[in-house]
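Next, two complexes with chain A in common: one pairs it with chain B, the other with chain C.
Entry: the complex of A and B
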């Protein structure tokens, strides 16, 4: 039975993990992810790509909302900025994808300053509404700046090649997304345990107290907006590569709500929670579909007439039930399982 | 003996080659995919589309199928979200292994699926999004059924100008600020120029706008008495409701979505006998014959869900089946596309104008009939035959 951890140096306190078992399982998970495209069908790989993009977006939002405590409903706008920047630079200016993709993140980060500055004095619902308004503005700009954005016509995105490999198809897209996800998660984990991350958490817990301690609120809040938007912009760029078409309808406002639902369901403030939440909500519709295909009487009139509504309701019910029974989110459940495993056979 | 065995093997390989190359076809079945809006506020469109596919498939299968092969419809929901349309089509292609696609959600949704459609050379009949962006530039495997919004508004305004002859006409346009609204404005502009009438006011609004009080007040101020109403469903009803509040006496041209029962229920209380141009039949003996079929092949609930999208999807699948039939036993995607491209004057049994894809855009069903609502009993009267504008 484990008796606990004793740290003797600061380095041990800020280490990502001091457990070899954890690193072993992380390595195992990564190996499974690398092998996945060889074991799964194309559709499952496509689902995995979508889920990984959701992970990137959720980790980005989590830095702003979970870690810094700034609620944002503007994620659809930042996704659109990233996607459109990537699409415009690739298709209209002939930039290679390895430049246009990070440029999408960069432009989203720069634009986030415009949202961040007026938002510095706002908190909670007021900030949420301000960021929502930003998403509306982006929507309008995309529609009206037709010479640049092609307006409502949208842009087809093709030719994302590096060394002759088409990054928009099958395994290549999967590995590009997986690599980006790993980088983003590692970066987020490192930022969170740095001075910046601790400043963000101080702002979240009590911004006046944080200021008294010497945290520059303007600087750190803007930094949170920029880092978060950079990551979300990258996610937008990846969406444009996967779907191969961008149009304002692709970035409906519901995406902002879904992103918020992901990090709440995963567990606010936790990167692992954001990852779990994104994976959970990405695969839940598929699990529900498989469940109904396996157990429901598909020949019944009731099923054929209402199957889609039933699935939609089941999706909502699972989320509501989960939050009611496990308000700390998936990461709370994970912690309980870990504690149970560590303390077994003793009750806690 | 060895030669006979080799010949037999060669024959077997040849007979299965086409099936190996093109998924979705077996000796007994052809799988046709359908990506639709089955959930969300616009799900009544998706339901209607699904019923259209079901009726067509049931009718074809009862008549012996396509050269002995039964049609199976596989429907996937996209909730009207383009990213989900892409996902849904990926599933239909990779998991369900469909042979062709019929019935395809909204314009942005079709465009999001377009790279997959082209990559897989998937014979596709677009029945619910006859937008220029879908057929221009033309994609080899994509065939579109439906008139243009531009023609629809031009046709209605022409009818108003020539037959209803309002006194001192002042035309006004209210339209969405996107490609759909742009197409409507194109038809409006054509009418204004051609008839030399007064262009009172043009107003744009954002998709999803619910309150049109200011826009309609501006129309009243400008003296508009012929309105090109570019609102759809609740939006169109709100515009008419505001106009009624201001006691505006006017002729109204509408989008074809306004002939669907949910739209009529919302708009009729305003009391305007508005016009609609549509490329499917909304009444008459041909429509009645179609409804008889519907009652035979669909459940009571499904019959209740029928609207114009049911008819156009029925036509789409019937045309697709005809092309597949022409390919005979050696059914391939290439052959189906070739036969669709050659389809000329395919009889829709009066449900729409005859279908011909033998044109550069692979676009058909562009002829529109003008209908007028009787707001009192919520019925439509047909004013013209199917006409190309």
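Entry: the complex of A and C
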């Protein structure tokens, strides 16, 4: 008698999932996502858009930090590049949004080569500090390159129309981000299962061994930077469409930390984890707000005056708690639950 | 010429602050192998605590420091025990991320307690200008530079001559071997955090006395990274010296090239140093690379 889970053909090995149940639930989730704007209010849809943008950014960072093992504290910089490129091309050069959005990703990818080159010699903490430095430098260049970026004044972003539909309005923006998210997640899943993804994982697990096996470190590290930054740049462009006003203050350091918090929370290296983490952290401020509104009547004033601090503390607590109690993240938690479910009543 | 001298002297002052903060970074990195991203927040928190003590008891500078430093060491010890110790044996990346989380927590708590408005904090120092040659100094500026000198000397003597300091160097050189010869590595880690917090408090109080006590004080921690990298991450004395260099470089950039470059000149130095000489000016050369 056969027991357990066997794969008998190579086709089954490369399939995204061989489980009908998984496909069924993914389809259900997608249908729910498509139907959501008709069922939810405007505010909830806006929230969903932010959450989806966070998903895109997290999947991008996850490629670099989770899959390739290159720690980046410079996400805010790449987001800023994407957002500014999109805003400048749209508003100052009159590009249509379907061109300027990918252009933002491309410019972010090109700039990431600059960051990537030092990374060829550096690992771990040193790389984290370099990317941090690059994010600062990018922010300051944006601040002082006034003729191009309008410096401290920021840029208003409006009129993102495709075929007469204003992409910055509720539902249209929602479907744009949803579509991009699905594309990005699919692309990431496929890259991770390909030669490139396996090379990245080899670099993460042991770079010297990877080099010995014939993985070209220079090429694959730079590729990781470029692909990741391309996705993050597109997330930046979407942010500029959503908030309608890009200013350098939007892209503060806390954003980089938030991004890292997301992928740690979700589980490093896992795309499903990145998605879960992004959704969790995006809705966390809302939960905190609801908590303050329901349980603390007098301190709602306290909440509004310290909203950033409270949010920061929540991120910090989430990072510390997960690293300490569940380093595999939400996805690890999910695996545990699944194991428990399928093995019950046995422990193993 | 006077302009240049002025730039260099004020550069040395801000550089002394970088140097002190960088010493704190290096001390923790040397003995635990962890970059403490919460160092700037430690500086900020201890400075605010010192401010509260100062405004309650109206102490003058030295008694104030005498009270502040032990409290800071206690904070350092508590942070190490609560946040870092349970992570022992986890990958370095995880521990560093804990310090990142710790940083945002400390920052949020500090701002929530003391509010977002800046304070004037003289730390009991007079504000009369003193002339050294033709260059005017505030006493707080001279105290800052002197503090760097004293701390460097103390740090050097501590690592060179005391039992604890030598043990700390042993742990830095090889943790397992240190453990085998009977050094309590976990105690060394705790001591490193305590001393680092003490240095942070000196840096915080004097920085606030020179500029302002504001909620963006934590940012000085990140701005001290160039000094840590230039000095070599595991070189305590080197970081202090590199702080001075970075301070002067920043001022020269600002004075001769442009205002905006002051903020990023340090980070440009980081990138150049990491590309050319990743172990810094004084660090040990065992940086991993492929």
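The rule is short, and it goes like this: the second predicted complex is superposed on the first by the 307 of 348 C-alpha atoms of A that agree within 3 Å, B and C clash if a C-alpha of one lies under 4 Å from a C-alpha of the other, contacts with A are read in each partner's own complex, and residues count from 1 in each chain.
FYI, contacts are C-beta pairs under 8 Å (C-beta built on N, C-alpha and C of every residue); 3 or more make two chains touch, one makes a residue touch a chain.
All figures in this text were calculated on a predicted structure; none of them were measured in a lab.
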| item | value |
| --- | --- |
| First, second, both or neither for A:309, with chain B first and chain C second | both |
| Which of chain B and chain C A:201 touches, first, second, both or neither | neither |
| First, second, both or neither for A:257, with chain B first and chain C second | second |
| Which superposed partner A:211 touches (first chain B, second chain C, both, neither) | second |
| Touched partner set for A:143, first chain B, second chain C, both or neither | both |
| First, second, both or neither for A:106, with chain B first and chain C second | neither |
| Partner chain in contact with A:42 - chain B first, chain C second, else both or neither | first |
| First (chain B), second (chain C), both or neither touched by A:14 | neither |
| Chain A: partner with more touched residues, chain B or chain C | C |
| Chain C-contacting residues of chain A that also contact chain B | 140, 143-144, 254, 308-309, 312 |
| Chain C residues touching chain A - in the complex, by the definition given at the top | 35, 83, 86-87, 90, 92-94, 96-98, 100-105, 107-109, 111-112, 222, 225-226, 229, 233, 258, 260, 263-264, 267-268, 270-271, 274-275, 278, 287-290 |
| Residue ranges of chain A touching chain B (in the complex, touch as defined) | 41-43, 46-47, 50, 140, 143-144, 151-154, 156, 158, 239, 242-245, 247, 249-250, 252, 254, 301, 305, 308-309, 311-312 |
| Interfacial residue positions of chain A with respect to chain C in the complex | 71, 118, 121-126, 128-130, 132-134, 136-137, 140-141, 143-144, 207-208, 211, 217, 253-254, 257, 260-261, 264, 306, 308-310, 312-313, 315-320, 323-324, 327 |
| Interface residues, chain B side, partner chain A - complex | 38-39, 43, 77, 81-83, 86-87, 90-91, 93-95, 106, 108-109, 111-112, 114-115, 133, 177-180, 182, 206, 299, 301-302 |
